[in-house]
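Working notes, structure below.
Read from first to last, the chains carry the letters A, B, C, D, E and F; within each, the first residue is number 1.
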């Protein structure tokens, strides 16, 4: 995509006006309060992943409206806590996958709680009643005509509840709960950093769900393209769409966050364009570091990013 | 796509084995019986479409599980019945649209009942509770792991109920109810022809939803590609998917139909490949005619097909 | 295409310099005067379109150089005039098609005169002697090295003559002749609005043939790309090409128009880029309204545009 | 394109039925006889190409219906005849170009007569009156509904007349006139080899215009795709199209040829698929050699083919 | 790619003739013997990967011609041997990467020796003197005109030497050395299984470098396309190319293997087409199992394949 | 690509900062001095190209590090010298080809020395020991991490040595040695114009290897894309790459040139974007002319450029 977006210099100062509804905080307070009234003990079931080096637990916890949300808890086998816990969120279309995909954090001495995305992945966490089949596209516009019904209201709430859970897990140090993710997962981590004061650190890679309006105008790549296609078809409801999205824009969450954050961005990323990432980063409320990958698209740092994160967390947590 | 499928000669004799579950008829009898127990009077509301030449009615009738389904009824203004009624089904992603799109049949002296597709189009007919935003892709695999939950169980039931309704509309001759559609609409018309004995004639253009297995193996085009992608992701449930689809395969519906049918096919159609169309046509149970368009893709006869249909119906109904 | 062109705000003020030859008006006066000397009675032949709701007439009228041009006249059956008449022009590659494609205006109580495009469509109107086969591409550069020989000199003249004819048709109110079209059809309607003082209103959707130079520089989409390809091959005649085109540029026609006009534009339209549309609109000489479709490409308002037009005309004509 | 066509072994025996009209020979006899009645002396004008090593002549000769056709005659400067002459035909869209493009044959001691293609190239040879702008696509279907009006009737006639001319040029040995070309040029050379008994040898590279029906069914590449697109649009005239083309099919010309021929073919050629080349080659009436390029597409032997040809001609002419 | 290759049923019996040079075994005996004469102690350097759960060693061992080859040795931290060792080979373009990418086998209780690919990856293992920059494409044809010089002669030799090394590593059970890889890595594992009698088991996923000739003829996808492009350009050396490749064809290695093997294949894999995989599998000399992924392309089983492998190895090794 | 780069007006003034190492001149002085110490007589072997009109010589001369480099010398047969000599460099991936491809300059009365590109073309000039197979892509990043090892250090040195040779050839006028090439060949000609004071004129068409940084940021087309891909993969060495390239940037060579130069540029060239061409042209040190092709991509003037060059040289040399 070459460098199709703002120049590297302009990105550093990019602070666009992004719509924020007057009742943004009230909306989320009401939403999260309602979800937390459904508190019930998570179900924790040991799982044999054929991997003696780690201890794997199949988790179901209470998410939006008390609905069950699946997760994997993967910890170093035989090691003692308390240890930090990374709450890992997933890219668009995917779910918690299989436990053997999540060995990095345990090898580094962390627990990892891998949170399924409702209606995505392998179907372990249905979104709507009657819709048990997972989706790999199309959720971005589910319910987008109404903030109450928008898909990400439910998904972000699940994510906040996952952090609630992590802090209570045996062997987890509640003062060192980290949120992490790339793309949609980065967008979720960013939202949770803005919604949950208990987050100790945030690893936000090439985040999605951030400055929707600009994204929908400057890229033809999916999944933002789902939004553009929706607006093209529903020509007469474009403003209604963006009214809804203003409750879910990563820029608004970033401004409310206080935990230290390590971001990454690809300057040639057409999926989550760098200006949308910087729009949030430049307003992020906590201490922050940006890892720039100049010639990369949405893969960002790829496997180079993990050592950067391990080192950053080692410094943060001592 | 050149002629990527069977040769024209081989198509004429193509009669593949297509899976049919032992309880196919029981499944559908049970499904339709349940839906018909929800009978309630349709809501008919006059609508000003700025078109004095036709009379437009906004219809809500009882579909699957008694859920409300939207439709447009468009009739010649000022003319007297009884007249034939075309029950029109819609292509994938679309809905009943706006009344001014449906002027052909009224100009020809017919009533037309344009049936919305739940969860598609403009959102006038939601599919699942909580999912009020229409979809333009992705529905093909909704619920595909279970015949009870599969999306097309609900959509085909709505369509059967639309025919029930059409036969009772004032000014409509119940002996001349025609089902019609192209692509998904053709697949629906074909299914209804196999499910509803009151159908007087079927206009089935380049039908979708027919010989799913072959389609998923020979084309990379959407929407069948949604099925292939789903099977690629859900690698471990491929047979479960096709077990579900065997209850919805157009080949099995065609074999049960008895009304006269006019089909059309594009020999270079990569969206609904000709072998899948002939797989159904060659087993269609009623009198039948195939209109072949040799160099056409999924557009089939395009605007050439309407005069063919008008003439065929004039001969059929006298 | 994302929003690849000027920003919405900049479009509102976009008034580029567009070349206009000193003898522009003389050129067209001479051209039209010559054509009108060929006046002869149009041939009107009733046509059975299998549609009792409308009255269809197959028309041949005298166009450029007195050559016969085909058209369909479609009117409400049995209704009385005088009624308004929409003179409908067609998009690039197409022709008058078949009568059943033109039922909107009769359903709305209008007559519609659907004007074939010479050398395009189904071949009912040949362009050059010996070239009876219709073209679906390539005409944009036919004769482009000489204004006298350029294809659109002939086509625009045909279009002006169609308006001459419409005003004389029985049942048509000569004070309410409307020109209409989309894409090439919009470009023709715009040209006729600038050339024919008898036009009562113009419906100009996503017009083509407007600000050729900019279009050829900012889009790779067809049909403007035909122009770019021609200039790439005929590297040594680029200025000659644009000299010719200055006699045919929609910007120059728009500046001469006086009838009320309803335009539409798609802000992501790569076929007829929005800056080229606004270049004409901003200089349009009559009362004008722009219908903007923000997330749409060349489809513009699609089927949403018709009700907008019906309502606008109802207000205009009372 | 991988090897998408018949296997190499099957190509060797590929002898499909290709339609040949009963009056094929009468049609061409009548056509050529009429053209030859227009005989007039060619105009030969010296041309300064800034190339002292060759003598360049700008030629206008009498083609179809006596219309003037442009050509370049390029000969070794200062050398004495009689020498052989290659009559060179051009690929689709191109024309005779500029003299410096045609230095191979003079360097080899031959004269070369480079024949412009009417309506193609730079516009030195108009096809239809009033259509002076050259075309780079679309001519393949010009007049295709009628053999009398089909474009290639005129172009093939021009080509035959070029051979007539070559044999009379000063310094040319009339017993050693060679026809040559690639793609469309190969198709023309092949046609002339079947139409003109004075041809001494034919160099036919990856010929176009050969087994139209199969080509239109197995490839999506241009220019055969122009034919498929035409048939898709003119759905109701497909057989009329192929009736016309049966008068112009290279298979039928090849069967009538008697001069020695050197063919070449690319086994991965999607533009002129190998089965269409072999369909003609296998029925070619004279002595023949096939140069196979296994992994090549339409570029065939590219620059490797010239030495093969030079050697083959050296052996043929001693 | 749909199912573009042989049908599933035909794949089961596909046993094509694949060229095998008479001196195949002599060639490889000579090659490996020469390499083993360069024996020198591997350099083992501890590496801090920020991962306390594993012990990471940076390895340099003696490969082709005694040249140094890089590898990572990753073992469970603190655990006791002897344990099995997986020798892991890498897909085309990649190298050994970073240690944190290789945590699966240690979590499962295995050591893993991740072998760099010379001239690929991050440049830790140069191929040719003076060419220290890693390549991500193009190596497939390096030296392909001569078996002595062909790139894969060196790479396969490195791989055999890696197995030599693995068997001598402290803590590794020499009777349980497994070779593993996907795509190019699968091709290498397959070659080593045919060349090294000490291999205890082979995990061969979607192998590349297998039945080159057919692959080059039926797919346009990279990297086999590099071979087709080379043959297209070097038109005159095609047979020379395939003579070289006959020394490196996975079919010939498979026939010589005796260790148990678990293969996987994607039936829609256009990168390593299923017929090429089955061509080797059907001739594989040892006990064998094929894991089929019907709707998958080159990703094959993706993350589903690892549990299949873990289970298969658990059963094999008890 | 439309006009995706700077506007024509802005191009005229485009003078960006381009990095130039302090030891740029020292680096090249050292490099060329070392190469010239390897002087040895070139091998000149007559070659029968089946073309009596020219005299062809197969040349091997001493290039970088004294390594043999192939070339063709093609001269008018039988003509007397001294005559000017064009030293012709080749586009990316190609080599000296076959003599019959180089007949233009001999026909114009010049000698032409066509210089092979090491490691490219047909393999007549190997680059690295052990790598005898020519490459058609990928060389752009060979050795790019170190100026001493970078591929173009060797290729530019070969090119300078070719000019050394040309001036000494019998029949060549050493005061009229011209360097010429397009794309990579233009980049080489430009470099040699900056490195060799004996160059009498330079023909530099659409030059590659010029303002690497901007090119890598604004185009996705190959071969600059090889650079972007390399930087995407080697994320941690981006600055190291551009440090190397600063020794090879055409902008820096152009600034040192003094011979008259004729450049050409395509304003829609996405392969060698016009801003990169103007970046060098605007700093070119000698008399200069720019031939602009407004609607052309990388083909630039194509065959129109040769007459422009012939005329320009005729004026220059009288």
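Everything that follows uses one rule, which is that contacts are C-beta pairs under 8 Å (C-beta built on N, C-alpha and C of every residue); 3 or more make two chains touch, one makes a residue touch a chain.
Because the structure is a prediction, the values reported are computed rather than measured.
A.B. asks: Enumerate, in label order, the chains that touch chain C and chain E alike.
C.D. replies: A, B, D, F
A.B. asks: How would you label the chain B and chain E contact, same or different, if same means the shared numbers make up over half of all numbers there?
C.D. replies: On the two sides of the chain E and chain B interface, the residue numbers are mostly different, under half being shared.
A.B. asks: Measuring between mean CA coordinates, which chain is farthest from chain F?
C.D. replies: Between chain F and the rest, the longest centre separation is with B.
A.B. asks: Going by more than half of the contact pairs matching by residue number, which of C-F, D-F or B-E reproduces the interface of A-E?
C.D. replies: D-F
A.B. asks: I'd like the Å distance between the centres of chain A and chain F, where a centre is the mean of that chain's Cα atoms.
C.D. replies: Averaging C-alpha atoms per chain gives centres 51 Å apart.
A.B. asks: Roughly how many whole angstrom separate the Cα centroids of chain C and chain D?
C.D. replies: 40
A.B. asks: Taking each chain's centre as its mean C-alpha position, how far apart are chain B and chain C in Å?
C.D. replies: Comparing mean C-alpha positions, chain C is 37 Å from chain B.
A.B. asks: What residues in chain E touch two or more of the other chains?
C.D. replies: 304
A.B. asks: How do the chains pair up in terms of touching? List each pair.
C.D. replies: The list of touching pairs comes to A-B, A-C, A-E, A-F, B-C, B-D, B-E, C-D, C-F, D-E, D-F, E-F.
A.B. asks: What part of chain C is in contact with chain B in the complex they form?
C.D. replies: Residues in contact with chain B: 49-54, 76, 97-98, 100-101, 103-104, 106-109, 303-304, 306-307, 310-311, 314.
A.B. asks: Which of the residues in chain D come into contact with chain E in the complex?
C.D. replies: Against chain E, chain D makes touches at 1-3, 268, 293-297, 299, 301-302, 304.
A.B. asks: Spell out the part of chain A that touches chain C in their complex, as residue ranges.
C.D. replies: 216-220, 228, 231-232, 235-236, 238
A.B. asks: Which of the residues in chain F come into contact with chain E in the complex?
C.D. replies: Residues in contact with chain E: 122-123, 128-138, 141-146, 149, 229-230, 233-234.
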